[in-house]
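There are structures below to look over.
Next come two complexes built around chain A: one with chain B, the other with chain C.
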Partner chain A sequence: MRNPWAQTGNYRTSYVQDTTIFANYREIVSLVLFLVALCTLPLFLERSQVLVLNFILIYAIAVLGLNITTGYAGLISVGQAAFMGVGAYTVALAAPDLPFWLTIPLGGITAAIIGFIVGIPSLRVKHLYLALATLAFQEIFVWVVGRSPALAQGAAIPVEMRNFLGLEIGFRNHNYFWYYIILLVLVLMVIAWRNLLRGKYGRALIAVRDNDRAADAMGMDPGRTKLMAFALGAFYGGVAGGLLAYMQRAVVVEEFTLGRSVALLAMAIVGGLGTVVGSLLGPAFIEFLRLYMERLSEWMKASAFVQNITPAGVDVASALLPLSFGLVIVLFLIFEPRGLFNWWRLLRSYFRTWPFKY
Partner chain B sequence: MKRVMVIAAVAVLGLAMAQGRTVHLLWSGAVTGPTSDVGGPYGAGIEDYCKHANEQRLIPNITLNCTVRDDQYQNPNTQRIFEEALDRAKPAMYLGYSTGAMLQLKPLINEVKMPTLPASAHIGLIDPPNNQYMFLPVSSYSEQVVALMEYINRTDKNARIALVVNPSPFGRAVVDHARRAAQRLGQTIVDVREVGGGNLDNTALLRALDAAGAAYIIHQNVAGPVSNILKDAQRLGLNRKIRQMGAVYTGGSDLIRLAGDAAEGFLWASSYFTLDENTPGINLQKQLAQRYNRSADTLNSTNYTAGMLAAAIAVETMRRAAQRFNGRVDNETVYQALIGMNGPNAFRPGFAVSTKAGIEIDFTRTEQTGAEGLRVLEARGGKFVPVTDPFTSALFRQVRNP
Partner chain C sequence: MIDFVQNLISGIAVGCIYALAALGFVLVYKSSRVINFSNGQFIAIGAFLAYALAVWAKLPVLLAALLGMLLTAGLGFLVERVFLRKMVGQPIISVIMVTIGLASVLDGLMYLTPFGSGNFTFPQFLPQGGLNLGGISISYPQLLAIGFTALFLVLFGWFFQRSVLGVSMRAVADDQMASMSVGVSVQRVFALAWAVAGLTAAAAGIVVGTVSGLNQDGLIAIGLAVFPAVILGGLDSVPGAVVGGIIIGILQSFSTAYLDGVLSQAGLVGGGSQYVMPFVVLLVMLWFKPHGLFGTEEIERV
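Then we have the complex of A and B:
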């Protein structure tokens, strides 16, 4: 029998083995250790640093959803922020009457229903044309919110939760409380993601992505599969939006515009399309890039040396963030289209096969 | 030995106290990204006034640590920057920026009791709920638009007016108030259109408004989109038929620079003095721009004046808090000083016009607007000149909470 602690390759020889959630015990142990590390992390961080983590985890949930629609099913979506918005506004409207553990799934379900409807064009159109259909939805969402007095025409709707099971939630513990809630939701969503994709529905997504006619010939229903992909992806987006609403204490339409959708797509690409690890690494990378570029930009603005060597009228510091953001995406697309996940895979292989090279 | 150590410790402490304490002031806004044409000069105004305050020791025994951060017009960045400041060096006052971010931060600002002066003059910021610590430096966008409608009514009864607003909460803030004001004035709002950046051809918009019989267009926007509409109106010959005007961020030197001679005749509601006027605030602005090597564009920008006014209010409030509370300057004492800035204690820095009662900046617990006076200015010969005396919109107070 192979040593399950030191497996060096993929030795899966049956369908049952191939559908296991964890390949070996080491994966389970490393996951548990990772979760313990994530649970203890806030103890060493400031409140505002926990806020950054919260944003990363929320975007990770949204990117997981995008990875079902785009990564697995191959349906390009540039409307994920709008699905987040549907979830957030559902939460904002329901929060005065329902507890958060009901409003957040409700946000997800509402987004899934809208996602199902938005997915209907995918039955007819593909690739760039489908991307345009989702782009239209993104714009329609912003337009509708802007003209709905019930949604404050895009201005803020407060979403406040001051108490949970007797625990007062205020400025001091708000970010910590929501960190653990978001982390719990993320873990549940990742388990659901893995569970879904290891089964026949997940395989159907891949089959339809690779060749929908062949999938159809093999008895799968490409139409239903595509609609399911959109609905599931939107569900994840809706849940992420609901969490964001609580975390930010208010919903404003500016959070759910095309720019955010593009940023989520960039996170998915940089992380590695169609992977759980990539869904976590992408948002973390982009958010930390934003933070460090912001600091570098501020340093450059304050540095007399930098100001002296740049031509008059050229504000390099201000251009740094958008430049680096664009450059990173282009470089990843050219040199590492499999994203950060591939680096993670290589790193794991290196340690697993050490001291041998391969 | 012990005695020597105690004496040394007391001496060090005394020296430190003599040096004075540091009080923090935070501004975060769009130095880059959307609306950076406003945010850049606004932030520069705050930065320069803070330097001036420290150099002139405007707050005795206190060094002001002014933090100017670029949030790139991203609400999550604004939230992070604000919370970072609360964690690390709690500011005594927060100078905010965009409408969306400020509306979103209202509950948190209220919870941490942080006196806040945003650049946005959205009326929703000082409307309940969570409005106790929000104060607008100048009259709200809604008041400016209603004031323009009253100005129209002086010469043209039953006017037909179109509103062209930014497609955002910032733009839409004025629509309801304008509709109510029109009803009271007997005017007709013939159309409300939303126009954002990138409006390179406005022929259809202008033709439609002309067909609807609009004699006036009131803009609630930033200068870029307005300048494009003005240029198209000139090209179509509609500038002689339709009179255009706008609230504070539509006008100023930015509009003149972008629209050129198409800006001629544009009416602008603003509380700020112009660079051609001889007031203490404007003179200081000129001095500081020269001292800190600011470009001509920055100096000429009303947003530079606006940033300075916000910083001046903050510094003066801190000075009064220090005086009134034995040197204790924090968010609580600053709030008390701010709501006490009225009557004989009103503030007159000379950046904004005064009301008929001679008050430039005043705040109370319930009256959260600083400069309540405003004027209508007209673009003539490449600059804005006042065409009215300072006034306060009486009608706005009636339509604000009908």
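Then we have the complex of A and C:
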């Protein structure tokens, strides 16, 4: 390697170099700086703002999982919210007896087992059918929760954690405490994600996605690979759901509906499928979009002018959210299928080569 | 026994609605391999358009229904032109996700109309009551659902067997490349498939309007219940769509009648198993017989 600080392109010439995570020192430094920024960020923010960050990071974990199933394995999942729900309800049932560092992985494992069962058709059929399997699971999950007295029929089940190693977690520091826990989990999950997918298994997944017959001929087992991807994606979803349960101090079934699954899919697409940066940018974009759309609709409800020009019975405010979500999905798919990640890439290469064009 | 037959008949009537909606869905899948997640929205829009024309524009009900169906067909055509044609050549996953996004957009558009919330009753144009056959009664709306589906099936059969467009659609479904090389316009076939999907979805919506009331969530739920129907029948089989739809309808009717009680004894309170049974069937079918009853198994050659 030449001067590792000034490197501008991909100079990897051997397989050993290709297996390294970072191309140069600059990437390591910028990552460390980014992590430090994330760690200090809550110190400058109010409680409600930290709450927004918490949601973004939790959804980022779920979207990472979705990026295994949809981004890497090419199986559309419209049931990621249900897998989050499995994790959340596992946590809600186990929380009174077990500490959180056990219940959250437990939630992930339960979700993975169910994801494995739901994904069984992938042993035989291709991606199109899997979308329907996840849709079926999503609907069955919401129905079963809504009918089970043991799960409060979908009404709120409280998940309390009042202190941790002597640290009192109350109204004031709740969001801050969970912010650091979520951040830690996210970092661990990203490391696992990167290492899993740059190794043998990740390459097998890409091969199966791009041409499963060729992968089969090369000695990989497409069915097993896809099934694994399904279980892994569900595991990420379950962990995200468990964190959500603690962070919200309750589990409600409304958090895990088909609409939320579609929103998670939108996050993955908008961010850019199959990328870590995209898994962060997508949830941030969609959550802020939702936040501002909610503010806009509140303003519309309050504004006399808007109320005057809309005919009776028309609810403009509640139309904003689905409309903007759908438009974002469709427009990104048509005009920028590689998502925000591509903008990030272009931006980076612009600064890297500045003042030259390339 | 009479109860059983009565349940069977109401199940068949509901199943006919699914069958109608599934026809267009299968057509789109057959010609372009796109799974259309916005089918429920098309059903709702078709039904509401017909309602608006009949009640607000005060057109005769049958004319309003016909116009509503044609307008929804136009919407299907427009959707194909504006969104899906841009996606030609993209991976099929992206195309399917466009339909998911589209469903969300159409949902939002419906909230911009008074139909976004509340229930609407389609104007009565059928006489009250129904036929009575030895203790078994069939209401006129149920007869209409069955008759409408039968009519559509005959029309479809004629269209695909006899008309040039229908034959070219079958050709495209069979082999896109080959049909292109003998001069079939694949683009026109795709557009037509979407238009027909809009038409049949609207027909299903209008039948729902006469059988029960109109409600956005309910209509979209019918769009979701179409998935079990088409998987049961086989994704690429038109007769399969009809048979699958009717089986799902009967299943729903029977699960309301017989399963709800069993489930509440087993600890799942609240009933409503008719909403979940189609999806249980969908999952079980995918496990054991993913190509459905009449679907063709994909055979790939390297």
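Here, the second predicted complex is superposed on the first by the 330 of 358 C-alpha atoms of A that agree within 3 Å, B and C clash if a C-alpha of one lies under 4 Å from a C-alpha of the other, contacts with A are read in each partner's own complex, and residues count from 1 in each chain.
As a working rule, a contact is a pair of C-beta atoms (placed from the backbone, for glycine too) under 8 Å apart; a residue touches a chain by one contact, two chains touch by 3 or more.
Everything numeric in this text was worked out from a predicted model, so none of it was measured.
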Touching partner for A:Gly146 - first (chain B), second (chain C), both, neither: both
Partner chain in contact with A:Leu321 - chain B first, chain C second, else both or neither: both
Partner chain(s) touched by A:Glu298 [first = chain B, second = chain C, both, neither]: first
Which of chain B and chain C A:Glu255 touches, first, second, both or neither: first
First (chain B), second (chain C), both or neither touched by A:Gly199: neither
Which of chain B and chain C A:Pro99 touches, first, second, both or neither: neither
Which partner, chain B or chain C, touches more chain A residues: C
Residues of chain A contacting chain B in one complex and chain C in the other: 146, 153, 318-319, 321-322
Parts of chain B lying in touch with chain A, wherever the complex brings them together: 31-32, 36, 69-70, 72, 75-77, 79-80, 83-84, 86-88, 99-101, 103-108, 111-112, 122, 124, 129-130, 167-169, 172-173, 194
Residue ranges of chain C touching chain A (in the complex, touch as defined): 33, 35, 37, 83, 86-87, 90-94, 96-98, 100-114, 116-118, 224, 227-228, 231, 235, 263, 267-270, 272, 275-276, 279-280, 282-283, 286-287, 290-291, 298, 300, 302
Contact set on chain A toward chain C in their complex: 70, 74, 76, 78, 118, 120-121, 124-129, 131-133, 135-137, 139-140, 143-144, 146-150, 153, 213-214, 217, 262, 265-266, 269, 311-316, 318-330, 333-334, 337
Chain A to chain B touching residues, read off their complex: 46-48, 51-52, 55, 146, 152-156, 158, 160, 170-171, 175, 248-250, 252-255, 290, 294, 297-298, 318-319, 321-322
